[in-house]
Amino acid sequence: MTTTQPQKLPFGSDYLQGAHPALLDQLVATNMQATPGYGTDAYSDRARELIRAACEAPQAEVHFLIGGTQANAVAIDALLSPWQGVIAAHTGHISQHEAGAIEASGHKVLELPSVQGKLSPADVKAFVDGWWQDGNHDHMVMPGLIYISQPTEYGTLYSLSELEALRAVCDECDMRLYVDGARLTYALAAPTNDATLADLARLTDAFYIGGTKCGALFGEAMVFPVPNTCPHFFTVMKRRGALLAKGRLLGIQFQALFENGLYQRIGEDAVEQAERIARMFIDAGYELAIPQYTNQVFVSFDDATLARLENEVDMSFWEHLPNGRTVMRLATSWASTEDDVSALAKLLA
Amino acid sequence: MTTTQPQKLPFGSDYLQGAHPALLDQLVATNMQATPGYGTDAYSDRARELIRAACEAPQAEVHFLIGGTQANAVAIDALLSPWQGVIAAHTGHISQHEAGAIEASGHKVLELPSVQGKLSPADVKAFVDGWWQDGNHDHMVMPGLIYISQPTEYGTLYSLSELEALRAVCDECDMRLYVDGARLTYALAAPTNDATLADLARLTDAFYIGGTKCGALFGEAMVFPVPNTCPHFFTVMKRRGALLAKGRLLGIQFQALFENGLYQRIGEDAVEQAERIARMFIDAGYELAIPQYTNQVFVSFDDATLARLENEVDMSFWEHLPNGRTVMRLATSWASTEDDVSALAKLLA
Amino acid sequence: MTTTQPQKLPFGSDYLQGAHPALLDQLVATNMQATPGYGTDAYSDRARELIRAACEAPQAEVHFLIGGTQANAVAIDALLSPWQGVIAAHTGHISQHEAGAIEASGHKVLELPSVQGKLSPADVKAFVDGWWQDGNHDHMVMPGLIYISQPTEYGTLYSLSELEALRAVCDECDMRLYVDGARLTYALAAPTNDATLADLARLTDAFYIGGTKCGALFGEAMVFPVPNTCPHFFTVMKRRGALLAKGRLLGIQFQALFENGLYQRIGEDAVEQAERIARMFIDAGYELAIPQYTNQVFVSFDDATLARLENEVDMSFWEHLPNGRTVMRLATSWASTEDDVSALAKLLA
Amino acid sequence: MTTTQPQKLPFGSDYLQGAHPALLDQLVATNMQATPGYGTDAYSDRARELIRAACEAPQAEVHFLIGGTQANAVAIDALLSPWQGVIAAHTGHISQHEAGAIEASGHKVLELPSVQGKLSPADVKAFVDGWWQDGNHDHMVMPGLIYISQPTEYGTLYSLSELEALRAVCDECDMRLYVDGARLTYALAAPTNDATLADLARLTDAFYIGGTKCGALFGEAMVFPVPNTCPHFFTVMKRRGALLAKGRLLGIQFQALFENGLYQRIGEDAVEQAERIARMFIDAGYELAIPQYTNQVFVSFDDATLARLENEVDMSFWEHLPNGRTVMRLATSWASTEDDVSALAKLLA
């Protein structure tokens, strides 16, 4: 666990603070209103409308969940048949850092190798073809779904053509495609990104628009572009303890995020700051372990430098490299200030 | 689902509004602070301290969950061995209104008859004795836990001596005792109540102190009076999608609830208003379907009166009686105002 | 557990001995043949053909499982969606004596009261209607399947018109109908029975033809009258550890049972013996606790008589009656001999 | 699935025929005896005694299950806590060929690379150490058990010192050790083997002695060297549909296997034949893909040779090699005859 301490420069993660002030303001303004529960309120309905519009998917079914692990576990189980498993990068969040939440619902995570967090469509195709060709395949877990995250856990992006290629594999092999968008706004805002919300709605069976790491107190918006993709999803959420009693808290926040382009703006600002930080490190002679695309910057340090910098800057440990160096991650967010970035610049100078 | 409309007098439930202003103020005041995630922050630690003190259980392990169904499902699964089931009233929340969340984790709810929502210790004892005496008991689900709610779904209360009797059954029969405290403050504040938080900590293996229905935006505090009752409960929560990323949101709210006796005061105020409402109905010639003890008032209506009143007052449908009358529930909370109660009085006059 | 001792008259159950000699002979005769595994052999195919013919269901999909609890658990899970539960009599085998096997797959058993082991179609209809009418039904477990056993655990029978009425409820309420036929041959052979295998195939979504209690070493034949009712059922069985490696052992036994009407004959002989036993008890002044229809005879005893008889006869304890008497069950089977029945007659004389 | 045809030489697998005649004779001899069910009979008790003696583990708890997937799934779930996963070779049976049976009970299979089917103790240690050192380990699946098969799926063997090294890792890291002995007799009989049944009982927390592939119609004997390792295992089996009604069928077969050293002899004979077959191939200029240790012979073929030989010999497809050749597996068993081996010799000559 990151042991962030407030006095350090807060680049440890993108969920260290509360909510973007615009969201908090709305929660305060609506606090004394009485509304029905479980997401059946008018705020949630309005947020659903805004999300459908942003996705250019007027028929889409939208449900609000509380956090990422929950969103992944509930949706993936609902998208799979009991005898199916989900293909994911070995480095994927569901493979490594969700404490077995997918297996807890009875499904195998079929882990494939990845490069900088990304699955290759060709690898997926080869794996699925192998399954069908294997004479024992009815003794094996049937691949039913591809899980990817956009951006990945390594801050890399699937291009539109890669997404289309994964969709094509799904169509050929009777599988579904699911995108974990915990940090989706930072993908949407990345200069190199060419896949829009509308593309995701067109190409996936389900994806979620992350709130927790993108400006909300908490909350993720699950989008099923085709309604009834997962029947009785309301009850499915309830059965998994994933239905918020005061569901409007999610509706109000997502309404605020999607009302005036705020969600996109949060992404753009954070990515811009991450670009500055990446450049600062490069200019100061540091090496990035992975190119910076979104709001995450992965820097490789020697021990002495790391020890010095860690006293001043909150960063996340990423991995030890075989060459003895250590990769740390810095993340920006709506809460990153110009002052923070400038202070960091000073430390690197 | 209750179809509350704001313009009616809001007695439909105790979770129609946001949070008690004192809690919201704290969320606003701390919004820009950077803290570590998943409940490892100082606010959560402080809230745990306050709860331990209120329970006179200095060793207690306290975890924060987001909602009631989730809290029940995660804790009950953790308290049971796989081959065990949980005894509950047929009318219990886990028996009826949690969409099979307990069964979803593989456990049978062993439903017993109840009177006004309460299990009788003698009935429980007889059931468990029958299990042990049955020659086939190793082909049957072993009772491993008693689930009760305090107050019950019918607003009734277990007395201290009843709780002690249930504890005694558990001790005799190698079972555990768990209390669902979704509305616990209204039990603690009831004039007829004689079971304190310290009693619960002394007599149960686990119980939760409800936040969602008692003044918080959301949140329930799970108390294990004996530490390590459920090993690795942090990971168990994560695996079930029940770990809030910005865990401090729960810590901050429970700190506010327990800092200056606010939790107790919220209960007292709501119970007092419920008493006034109950008296108003009785004085106006109505009949209570169940005596009023806490913040819930169950009134029996004929069709004509109900139709008239429903235009003005948001209430929850409870049940149709064999005699053709309908029972409706009114609930008060921190958000019930003197004006609301007075307006209701006028309608009944 | 029944503590049968060989020297007593063996009426404790219908699965105390091995297999009907005709089946064992076939197992011996085929022992040295090499066949492919997992039920893909010619014997299993032939048994499937014979069962389809007996059920007048030429399209039916037939799978072989090893035992009753396994058959119920695997099929019921496959027939239900995750958010659905199964309606069963409170006295049903899946409600009481399968150690929570249904809940272990995540489904609630929705227990309804029964009379002598039978569900009433009207009760089922009322329950399901109540579910749909309840404003909270999307917070409750959706009834998705009716489970009955034919004959029931109390040796009683559903008439054809009752089965049709249950089917009608299923059609009206979008549910499925499943019949546990652990002792099916004894139902088919009962003089009062008017529901044939073809009726079961016409009226149910799935049912199993019991082998273990009807002459086989082990084995149950699951019949899905409409193919692909449960997709990938082969893999579903494998995933649940329910696929026998040497699957032909099941095929060979069911082929023998259905080749020359043996299954029906086993039922007829056992029911005839049970009728004689029932009459013997009645003639000797005993009282049957439940009328005898199939191969089970439920007799009510006072303590002294029971103590005396138990020294000589292996029977199963059924229940203690409020009047102090005890109900014991005697069961006949293919292995009951004329000598056994005559010896019992002598004891009662 | 292997599509064995009886007229070919039957080397496709070691479970193509029924049971060793000595077992079948006993099943026939005892067929008409009435015994209590579910493994509570005297034959099962006697078999347990013989197994305890063979394992030099007088306190061991022994349970009989029906097949390998079932045995693995039930025992591994019982050995793990819900938040734990099981370490296995990527090529392990539970990783690949059990249709997700382990995940179906909620546990992740933590797959590690292997060489010829074997896990290296050092790799396991490094993996577990990594888990403990990772700052996020409480968000990850905790390794709780090591699964190995003896012999492995590739016919290779763990040496006694390797087993001791794995045990040491378990002791250091608070894990358990489990051995899948589906083909255990062929390991015990291998000339290079130095790990006895007593060693397995001394070093593991549980292992099973395979029957299905070692001469029985079906059946696996699960050995817990320390009693109560998995409490209420009888009910756990029942709940999973893994309890055979006529449990004596398992007891009778294991009694026959262990009464006069038959189990060991079956292994020795089959291994000797496999050695002859391996030598025959080598002498005829073929290449073994993996050295032959037990009853399995893995031979690498070019397409033309394979096509020719497949017309006469039933073998199992194993894998396509990058060099275009194909690996096929031949397996011997109690049912392999001198005539079969000689006929094969003729084909290779």
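To keep things simple, chains are lettered A, B, C and D as they appear, and every chain counts its residues starting from 1.
Heads up, the rule we're going with is that contacts are C-beta pairs under 8 Å (C-beta built on N, C-alpha and C of every residue); 3 or more make two chains touch, one makes a residue touch a chain.
These numbers come from a predicted model, not from an experiment.
Visitor: Report which of B-C and A-C is connected by more C-beta pairs in contact.
Guide: More C-beta contacts join the chains of B-C.
Visitor: Report the chain whose mean Cα position is at the greatest distance from that of subunit C.
Guide: Greatest centre separation from subunit C goes to chain A.
Visitor: Between subunit C and subunit D, what is the separation of their C-alpha centroids in Å?
Guide: About 34 Å separates the centre of subunit C from that of subunit D.
Visitor: Once you find the CA centre of subunit A and the CA centre of subunit C, what distance in Å lies between them?
Guide: Whole-Å distance between the two chain centres: 50.
Visitor: What whole-number Å value describes the gap between the mean CA coordinates of subunit B and subunit C?
Guide: One centre to the other, that is 42 Å.
Visitor: Which positions in subunit A are in touch with at least two other chains?
Guide: 1-2, 82-83, 98-100, 104, 138-139, 235, 238-239
Visitor: Taking the touch rule as given, give the residues of subunit A at its contact with subunit D in the complex, in rising order.
Guide: Its residues touching subunit D are 1-2, 82-83, 85, 96-100, 103-109, 111, 135-136, 138-141, 317.
Visitor: Write out the stretch or stretches of subunit C touching subunit A in their complex.
Guide: 77-78, 81-83, 138-139, 142, 231-232, 234-236, 238-239
Visitor: If you look only at subunit D, which of its residues touch subunit C in the complex?
Guide: 1-4, 6, 10, 12-13, 15-19, 21, 24, 27-28, 30-38, 40, 66-74, 98-101, 104, 212-213, 217-218, 235, 238-246, 249, 314, 335
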